[in-house]
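Each chain gets a letter, A, B, C, D, E, F, G, H, I and J, in the order it is written, and its residues are counted from 1.
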Amino acid sequence: MNDAKTTLGHKILAAKKQKKWTWPEIAAKLEHSPVWTCAACLGQMSMTEATAKKAGKLFKLTDDEVELLREPPYRGSLPTAVPTDPLIYRFYELIQVYGTTWKELIQEEFGDGIMSAIELDMTLERQADQKGDRVRLTMTGKFLPYKRY
Amino acid sequence: MNDAKTTLGHKILAAKKQKKWTWPEIAAKLEHSPVWTCAACLGQMSMTEATAKKAGKLFKLTDDEVELLREPPYRGSLPTAVPTDPLIYRFYELIQVYGTTWKELIQEEFGDGIMSAIELDMTLERQADQKGDRVRLTMTGKFLPYKRY
Amino acid sequence: MNDAKTTLGHKILAAKKQKKWTWPEIAAKLEHSPVWTCAACLGQMSMTEATAKKAGKLFKLTDDEVELLREPPYRGSLPTAVPTDPLIYRFYELIQVYGTTWKELIQEEFGDGIMSAIELDMTLERQADQKGDRVRLTMTGKFLPYKRY
Amino acid sequence: MNDAKTTLGHKILAAKKQKKWTWPEIAAKLEHSPVWTCAACLGQMSMTEATAKKAGKLFKLTDDEVELLREPPYRGSLPTAVPTDPLIYRFYELIQVYGTTWKELIQEEFGDGIMSAIELDMTLERQADQKGDRVRLTMTGKFLPYKRY
Amino acid sequence: MNDAKTTLGHKILAAKKQKKWTWPEIAAKLEHSPVWTCAACLGQMSMTEATAKKAGKLFKLTDDEVELLREPPYRGSLPTAVPTDPLIYRFYELIQVYGTTWKELIQEEFGDGIMSAIELDMTLERQADQKGDRVRLTMTGKFLPYKRY
Amino acid sequence: MNDAKTTLGHKILAAKKQKKWTWPEIAAKLEHSPVWTCAACLGQMSMTEATAKKAGKLFKLTDDEVELLREPPYRGSLPTAVPTDPLIYRFYELIQVYGTTWKELIQEEFGDGIMSAIELDMTLERQADQKGDRVRLTMTGKFLPYKRY
Amino acid sequence: MNDAKTTLGHKILAAKKQKKWTWPEIAAKLEHSPVWTCAACLGQMSMTEATAKKAGKLFKLTDDEVELLREPPYRGSLPTAVPTDPLIYRFYELIQVYGTTWKELIQEEFGDGIMSAIELDMTLERQADQKGDRVRLTMTGKFLPYKRY
Amino acid sequence: MNDAKTTLGHKILAAKKQKKWTWPEIAAKLEHSPVWTCAACLGQMSMTEATAKKAGKLFKLTDDEVELLREPPYRGSLPTAVPTDPLIYRFYELIQVYGTTWKELIQEEFGDGIMSAIELDMTLERQADQKGDRVRLTMTGKFLPYKRY
Amino acid sequence: MNDAKTTLGHKILAAKKQKKWTWPEIAAKLEHSPVWTCAACLGQMSMTEATAKKAGKLFKLTDDEVELLREPPYRGSLPTAVPTDPLIYRFYELIQVYGTTWKELIQEEFGDGIMSAIELDMTLERQADQKGDRVRLTMTGKFLPYKRY
Amino acid sequence: MNDAKTTLGHKILAAKKQKKWTWPEIAAKLEHSPVWTCAACLGQMSMTEATAKKAGKLFKLTDDEVELLREPPYRGSLPTAVPTDPLIYRFYELIQVYGTTWKELIQEEFGDGIMSAIELDMTLERQADQKGDRVRLTMTGKFLPYKRY
């Protein structure tokens, strides 16, 4: 089923390249943020019926493909447990280096609990810098305290 | 050597608890950001001589311990390749779900390359929200293009 | 740090055995449910100050041990990724057999999202049965929908 | 052989979507519980001849497909030992966090043994809640004591 | 806790060697079968109070050690997922070679279900043979059918 | 090559189902034991020319398929190192629980060496029992002593 | 997507063999170094539009294939985490033997930081030697210091 | 035995720090290259008797420690198969990205064979660069052709 | 590419079976040893142009297949890191049991270094024995001393 | 228990170094081959009572240590599944490269079965060679045919 989503993702990427659209442009057309829009097109998020239909028109998809965009995916499709691609690995490295720091700081500020990975949103921007521009990644996730019952 | 850093980290945590200092307070005393300060105290960053001495006074460390704070660590000390602690696992999950999205967006905006995990800084804040406060994690890392030589 | 929690857990188990208390009895004294109480004593949950002090009196713990009960643990301490103990393995087997079924049923009923493992409570009871008594395990966790942003 | 079962599962899911049937409705037609029915259709349980024939009519299956529904599967088909999908991972996390608690509580109540994962049944329901509806998962499994021989 | 059981097992093995008892002799004294007796002494089964006391007298154990014999162990303590010791590896090899055969034959004879590894007993004997004596291992386990509910 | 053997196994299983033959019946026709016969048909044993020809007539195989039955397989084809199927896993669990016991008992009785997994035969039978019938699995393997040279 | 790059790599290798070109010759035509050129043709680097067009003419590629040469790959495509091919394994062995030495020497010379694997170039040459010619591999990568922020 | 070498390595590092010697200085005293000297002191190479004695005087080692420097180590002591330390990981990443390129180029130039990791030497230098200094790592290893026999 | 070599290996095995040639016979025709010849035909060694052409005539291969025989393979193609086939596993077991012995004996006799796996040849013969014939495997590999530079 | 054997092995190695005995000299004193003798001293083989007593006198061992030499070990003690030490790794590499060749040649010569790793002996010698001396490793193991029963 996910293979179908991956295939569909490639079809969307091909259409995007042909039209020379950027993700922010596509996101604006679908009325969602660029990060979520890109994740949904790559098959890691599910669209509502309305959004899926808009996407269907945009990328000239079949009815089955529109339907597929609405289905919740089996998420998490990196080919190895530790990613090999350098761009993606750097984020894994951040967990190895900062994981215990995040735990310490979140727990000091909020108490015992976690930052939700579901009730979460994210932006990714260019930050101009004279020594070389920077990637700015911001995520905000709801704090969920551990229940004591 | 890293075991020594871990042991030192526990000593610092104990001192911190006794003094009832928060990480922002300690960071202010060491004149660094809270994220970097916490990471350095937990043994994942190395301090300059000046900072290590300040930390030594703050936490009443021995000369050897001050020396240890200056040494570059063998980084990345989670006990398993896939973290089991729920708070830390959520970040691993984000890589599984958003990894390909980050790759797509960074490459569209910057070209072929990566976000540096070395030339990088990070903040972690509370964001008030009526439906439940949120954790706001921001990281900015220099974009490094792949050389063509 | 978790090793300290494990050691403390063994001390509590020894006290419990000596006093011939059951987990429901201990839970009643601490005014929490038996499942949460047992998990907290085994070092997988953190207690409030008040509960930790009660537990301290009950099991004759030192001040440091009372303090330790309040600290959030590094959770998830099975010795192998796939558990070898037959009682615990059976739950892993249920994920292997029913995992896709749970996903299908939860998504049909609630839409795209997850059952929270944080905002969750649990009971474990004996259910009398003529063909042999049964273990009845019930868990209710808040449904968290994936945000579309 | 399991690949055949997976393919058949997808065919059934497609038929279900077209007919707009829910799992409880299908379960009622097959005269089994929704959890078991869903698991059997996804290829993790084997049907009796009578049930398989009913399912065959319901979903317009070929004789070979009806036959396939009756065969015991090679069970346990998650693509990785530690599941990556967030919904399914949460159950794995519960084992990491509560595994030793379940062991302690079952053994206190029943003695040395296990909860059977074979002589077991399960329900999954929505539990209304003002703060957000909850998933209620209940499983009862026969206790099997370790023989002393 | 299991480390304690392992240590106790070594103590029992030392006593056994000193007394020059065989496992069948010890089993006769404890009124159990040799296989179960050996497994219990090595820390993989739990004894009843009566048996543990007998064992305590036999091997001159302390009260704590007698108590330890009664506790259900965290079972399954081979140092690697695939055993390296040649004697134990051969059994793993049999699963690799005969696993699908056992599945086929048990399911043909009994229907969909498993041979219980809990309601199970086992004998291990020498079988004289002119071409070289043979090890005869027999196990009988209750068949447990998968419930259809 | 093994894929060819697996495909052939499926063809034989299909023929067997159509003819409604049991493994003991097929074994009788091939003049071998049911366990060996089933293992050979599933592609884990190699047949002699005579037996392969008999099997070829029985299941209406092509000359190439008869040839394939004679070839030694690349043995051991479970899809994961730790089996996920509950029926097969139970045997893995027995190794985890009884592995050290088997080692202890075989070495006490025979000295340092192993039970051969090659010079070995096996039977699998139903054992009637009022509390539920049982699977009886018996294996006898030649003891091979470690040479001292 | 990477599969497409791999397929394209094989097509280029076939063309190269037919033309009897060496990598230095191809590199000269594309005006890049042999190491980068080979990596780009094998699908581990992305070409600029100009270079991709030159390569397209050279190897008689389709427009889609020229396009594919420009796309950033999902890098890191060895089939196993520890490489099995002896030539490639030797480099892994060098990390095992010299990894801590590199860390020690780089940190002594430059301070806490890393050698970039992105801002890096590489040459591989034959070094004549009477006792047998030698492979000379040189890499220079920018030193990136850990930021203290 | 290797633990002893690691402990000795830490003792040498401490002496080095106290004396404020650099690796090139130590190498000059021992009359070997800095890379080999550092590797030998960290326990990954074995010294001759003469060199070990010199090192013994330099670092004030005991006779047993001098002896230990001469012993061939069990090499390859990174704590995980895929290194987690960012500095060391970058070299692993180079294998993932350039492994097939090295194979292609070495085989084109030399034929079927490998670059020896034993008959090999290495230098590591600073290369001044206006945009930021660079690490220059050079290794030359004898080419060993596969024998055809 | 290796898949192509594997496919070619199967074609050669089929031709060999049809012709009823043994490996020593084929080796004699190709003027190489049986071990090397078999390895080369199975795709783990590369042939010279002359040998590949001879093999091409012998087995009636196409020009592309002759070409393929000359290409260096990506070596090491067992399906799992620890082999499951009993014949091949036994060699892995020998490493587990004798690995440290080989290290000790080679180093005592030759000093610090290795037995080359590249400059190596091998024979495999039947050794008649009244108690059952034996496999005699002999390998001689050049000793390569670790350089001290 | 094996840790005890490892510790004893180190004690024997120390005594051997002090006495400046070689393994062939020790083997002559114990009246066994050098390979077996070394393996037994390193804790991978068990001695008879007579041999253990001789070894006890030779190395001045305690009674408990003599006893320990007689006990069958838990064999196979390399620290990782794929060995990292280059000398030992080369043998693993030979399995990866020649494993299928050995299988093919043994089966052609002997039929379906294995070379025993138990009824096996081994020699390791220096073979003088003008181009550099070679290690000659010879093993002969009884062929064990698969039973057809």
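Here are some notes:
Everything below uses one rule, namely that contacts are C-beta pairs under 8 Å (C-beta built on N, C-alpha and C of every residue); 3 or more make two chains touch, one makes a residue touch a chain.
Note that the coordinates shown come from a computational prediction; the quantities given were computed from them, not determined experimentally.
Here B-G and E-F were compared by C-beta pairs in contact; the pair with more is E-F.
Chain G and chain J have CA centres that are 42 Å apart.
As a whole-number value, the distance joining the C-alpha centres of chain I and chain J reads 23 Å. Here the spacing of chain C and chain J, counted between their Cα centres, is 48 Å. Within chain I, the positions touching two or more other chains are listed as 35, 74-78, 81-82, 84-86, 89, 93, 96-97, 103, 107, 113-114, 116-118, 120, 144.
All chain pairs in contact, by the document's touch criterion: A-B, A-C, A-D, A-G, A-H, B-C, B-D, B-G, B-H, C-D, C-E, C-F, D-E, D-F, E-F, E-I, E-J, F-I, F-J, G-H, G-I, G-J, H-I, H-J, I-J. By the touch rule above, chain E contacts chain F in their complex via residues 22-23, 34-35, 38-39, 42, 44, 75-78, 81-83, 85-88, 90-110, 113-117, 120, 122, 124, 126-127, 129, 131-144. Of all residues in chain A, only 1, 67, 74-78, 81, 117-118 touch chain D in the complex they form. Residue ranges on chain F touching chain J, taken from their complex, read 32-33, 35-36, 40, 45-48, 51, 72, 74, 103, 107, 111-114, 116, 118-121, 144-149. Across the complex, chain G is touched by residues 10, 17, 79-80, 82, 84-86, 89 of chain A. Of all residues in chain I, those touching chain E in their complex are 82, 84, 86, 89, 93, 96-97.
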